[in-house]
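There are two complexes below, and they share chain A, which is joined by chain B in the first and by chain C in the second.
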Partner chain A sequence: MSAKTLRHLIVVGLIVLWELLPRSGMIPELFLPSLSSTLLAGWNEAGEYGHALAVTIYEVAVSMAFACGGGILLGAIVGSLPRPRLLIMPMVSSLYAVPLVILYPVFTVWLGIGSESKIAFASIYGFLPTMLATAAGIQTIDPQLLLAARSMGATLGQRLVRVIIPAAIPTVLSGLRVGGALVIVGVVVSEMLISSAGIGYLISRYRTILDSPHVFAGVLLVLFMAIAFNTAIRWIERRAAIWQTGMRAGQNAADEIGSGAMQPAT
Partner chain B sequence: MQATLTIKLARVAIVIAIFALWELLSRTGIVNPRLLPSASDTLATLDDLLQRASVRNDLMVTATEVLAAFALAVPFGALIGFLIAENRYFADVAKPLLFFAFSIPKSIFLPMFILVFGVGFAQKVGFGFFSTIFIVIMSTTTAVESVKVEHLTVARSYGATRAQTAFRVYLPSMLPVLLEALRISMIFNLTGVILAEMYASRDGIGHQIATWGENFQMKQLLAGVVMVAAIAMTFNELIRWVETRCSHWRT
Partner chain C sequence: MQPLANVTPLKPPPRAGAIEVRNVGQVFRTRSQDVVALEDVSLDIKPGRFVVLVGPSGCGKSTLLMMMAGLRAQTSGTITINGAPIPQPDPDRVGVVFQEPSLFPWLTAEDNVEFPLALRGVAKAERRAKAQDALKLVGLEGFGKRHPHELSGGMKQRVSIARGLVQDPPVLLMDEPFAALDEQTRMTMGDELLRIWAATGKTVVFVTHSLTEAVYLADEVIVMSPRPGRIVDHLQVSLPRPRTYEMLSGDAFGALRDRIWRHIRKSA
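== the complex of A and B ==
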């Protein structure tokens, strides 16, 4: 049996188990409601979930603009200048060790429990890893390419458009993937903690009244959101692959960053 | 040597400048001091908090939870990662699944842990374990793959025993990657445990911080944030220091 078929069988098996184990009573429905009752619960309250989803997506979109825009810009600047890089990068990666969740209460005090505090928190949550990823990726641009362009007399504008930007695209995309995933986590986590709207709020509220099917419907929705985002970015990455010819070093680094250390912390 | 000293001084200067700006904004009233108590007040509160038995107790609770989750997740994850990396077929089957599990947000499963374990010690450890294990598995696989096949072949052809290969070849090549993995998994672990405490708990430092936030006790809240940040950064720097010490093993 090939590895792929076995893998698909495992996935199918897990889904079937999710339906069968709670039904047969081997796992109490309170701990794990069966797949069908979860989907049914979500379907029955579709309006409520739809409204919450709209709130969450709005918050995610705004925070993503802040986190990824700022992170990619600052990361590009810091990464391409050697002096600030030596100075700042170790500080930033040391800052990355701080569990940023503890900042959320500060934001709720400053900005209230509406969308603003979520956006502020999620932006900061996604900012640091995006910046680290971009700064690390910018360094992988092959200096030979720049040298070749310069010795053939390319102007600064040409160098930027023809060499630096195409070479940086894989980096920027992997930064976007990391940052975006973290922003989704940040928004949902902050909604779960203190909030009055959004999917995280629904999950928390149904959890307090021990309504597991509705909790899991919310969890499923967030999962789908994360998967959809990941797929979208991968699609763009494939479309942009035409830029990456002869960029093995950069591409490898981008892959390493994307799949390695800087993934959503919880 | 001169250059590194300048850089270190510049870094210290940046940190001092941030605290000075904080102090200034609050003292001059540009920012409402009720919302942002000055840096000196916060540090004084921090000192006061560290004297209190209840805060110390909370720190102890959190530390126990973090260490328990860490002690469970690291050996377990390392074992799974090792098995996956050593068996090609198993790796082909499991890797994409693990990558997928790794890329989904773990925090949304927190309510599930509460439904199963309640809001006590077991739930914190369980969630910390859950948020750490995937990164440990992934890093161990990378670490095993970083062992050079040539080194193994040489060791075997000279008739090294299993123990010798393990300690003379595997361990030295894997150590730098493993230390890095330890550092990152500790970050994940700490975040997981503190989030679980903030979400639903009776004790622990995360719970304290959330309570101070809800009661608008800004001084205590900021002092708590500074405290946790300092602890996390110290641990991080400690492992990084060990990492640079061990880097001469890297071939």
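== the complex of A and C ==
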């Protein structure tokens, strides 16, 4: 059995358990409502959930634009210039260890309990890993590649577009993966804390009235959002980094070609 | 302008591929002190010659090569290629091959070879045609669509050589191009390089640590001293061409190799 079928089987098994365990009474409905009652609860309030999902997706999209755009831009500057790096990197690194969620109440005071405060919080939350990864990606570019480009007469602009950016893409993408995931976390968490709309708000509200099926319907939606994001990132990674298949593949290919190709071709 | 029929120029115009190094010095300024890397180096390389630079580590032979490539400015003196100075890299005059193949891993072999042409906006069809010719010259016909990670070390270095040759520059500068290869591949690549050199008639300046490689490949071997780098010997290698593996054990070969080794041992 391949790993893939096994993975699928595990997922199917969990789904089946989700339906059977609560239904058989082994787990109280309050802790875990069955899948069918969760889906039903979501279906019955489809309008409410749809609206909440729209709000959350809007906040995630805007935050992601800020976090990724800002992170890549600032990361590129910090990564390529030593002076700002010395200035900013220690601050950013120590900031990374602070649980940024403590800032959220402050943002609600400044920006209100609408989308703005969520966007501000989630943007900062996702910004840091994106920026750190971009800076690292730029810094770790093989200087030999830049020297080679220069020897072929590449101008500074050409080196940026044709060498630095493509060379940094894999690291930047891994930063986007972490940063984007944190943006989703940031939006949902802030909605759950102080809010009046969004999936996180719905989850939080239904929890206070102990309506588990509706809570889990919200949880399912967040889950789907995260999966959709992950799939999108993976698609981009596959498109952008075909060359990243690593050393092992290269070795195999070299063996395959064999020694015949190394004979002088006259 | 009227042709000056009866006037012979004082100096004949240099043929493509001539390299002149005049009193070149290089000083690296560090915070605590100035390090003299090269001192008063003068050198004439005639078109079409295969010249090898050898010397102990840190003798500035790579630095000299980088200055010939326009990748580094000398502190004093002049360097001309085809009679004109080379203040910055000029791929029309000079192709450079480094120790690391320095291929862009996200490009295929042929896109890597086309890279210098793409930089100058050469049309796609012409680029492709030239890249195919260059790949064929280095014996990699049919491997153009592969990415660098799908090629062996020797093949990558061949792509790198093709990239250095694609604009057909009269001069090819090579900075320890085979140092990272295993012995067998290295020998094969040496023969390959001699074949390419004979086919194209380029001036080659080749830096190496290997004395055997130096004598095997060269028309002339330039021996340099450790820091501050100076030229301590300039040997003519009059072994017949094509060079063969049997020559490695011959007396003439051994004598040349010993002479270089004595210089290097003295300075070590």
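Simple rule for what comes next: the second predicted complex is superposed on the first by the 230 of 266 C-alpha atoms of A that agree within 3 Å, B and C clash if a C-alpha of one lies under 4 Å from a C-alpha of the other, contacts with A are read in each partner's own complex, and residues count from 1 in each chain.
In this text, a contact is a pair of C-beta atoms (placed from the backbone, for glycine too) under 8 Å apart; a residue touches a chain by one contact, two chains touch by 3 or more.
No experiment lies behind these values; they were computed from the predicted model shown.
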item	value
Contacts of A:Arg205 with chain B and chain C, given as first, second, both or neither	neither
Chain B versus chain C as contact partner of A:Ala226, first or second or both or neither	first
Partner chain(s) touched by A:Leu147 [first = chain B, second = chain C, both, neither]	second
First, second, both or neither for A:His51, with chain B first and chain C second	neither
Touched partner set for A:Val163, first chain B, second chain C, both or neither	second
Residues of chain A touched, compared between chain B and chain C (which is higher)	B
First, second, both or neither for A:Arg23, with chain B first and chain C second	neither
Shared contact residues on chain A - chain B and chain C	261, 263-266
Residues of chain B defined as touching chain A within the complex	7, 10-11, 14, 35, 89, 92-94, 96-97, 99, 102-112, 114-116, 131, 135, 138, 142, 180, 183-184, 187-188, 190-192, 194-195, 198-199, 206, 209-210, 212-214, 216, 218, 221-222, 224-225, 228-229, 232-233, 235-237
Residues of chain A that touch chain C when the two form their complex	142, 144-145, 147-154, 158, 162-163, 166-167, 169, 241-247, 249-250, 253-254, 257, 261-266
List of chain C residues in touch with chain A within their complex	69-71, 88-91, 96, 98, 100, 102, 104-107, 115-116, 118-120, 139-141, 143, 146-152, 154-155, 163, 185, 188, 191-192, 195
Contact set on chain A toward chain B in their complex	3-4, 6-7, 10-11, 30-32, 86-87, 90-91, 94-106, 108-110, 181, 184-185, 188-189, 192-194, 200, 203-204, 207, 210, 212, 215-216, 218-219, 222-223, 226-227, 230, 259-261, 263-266
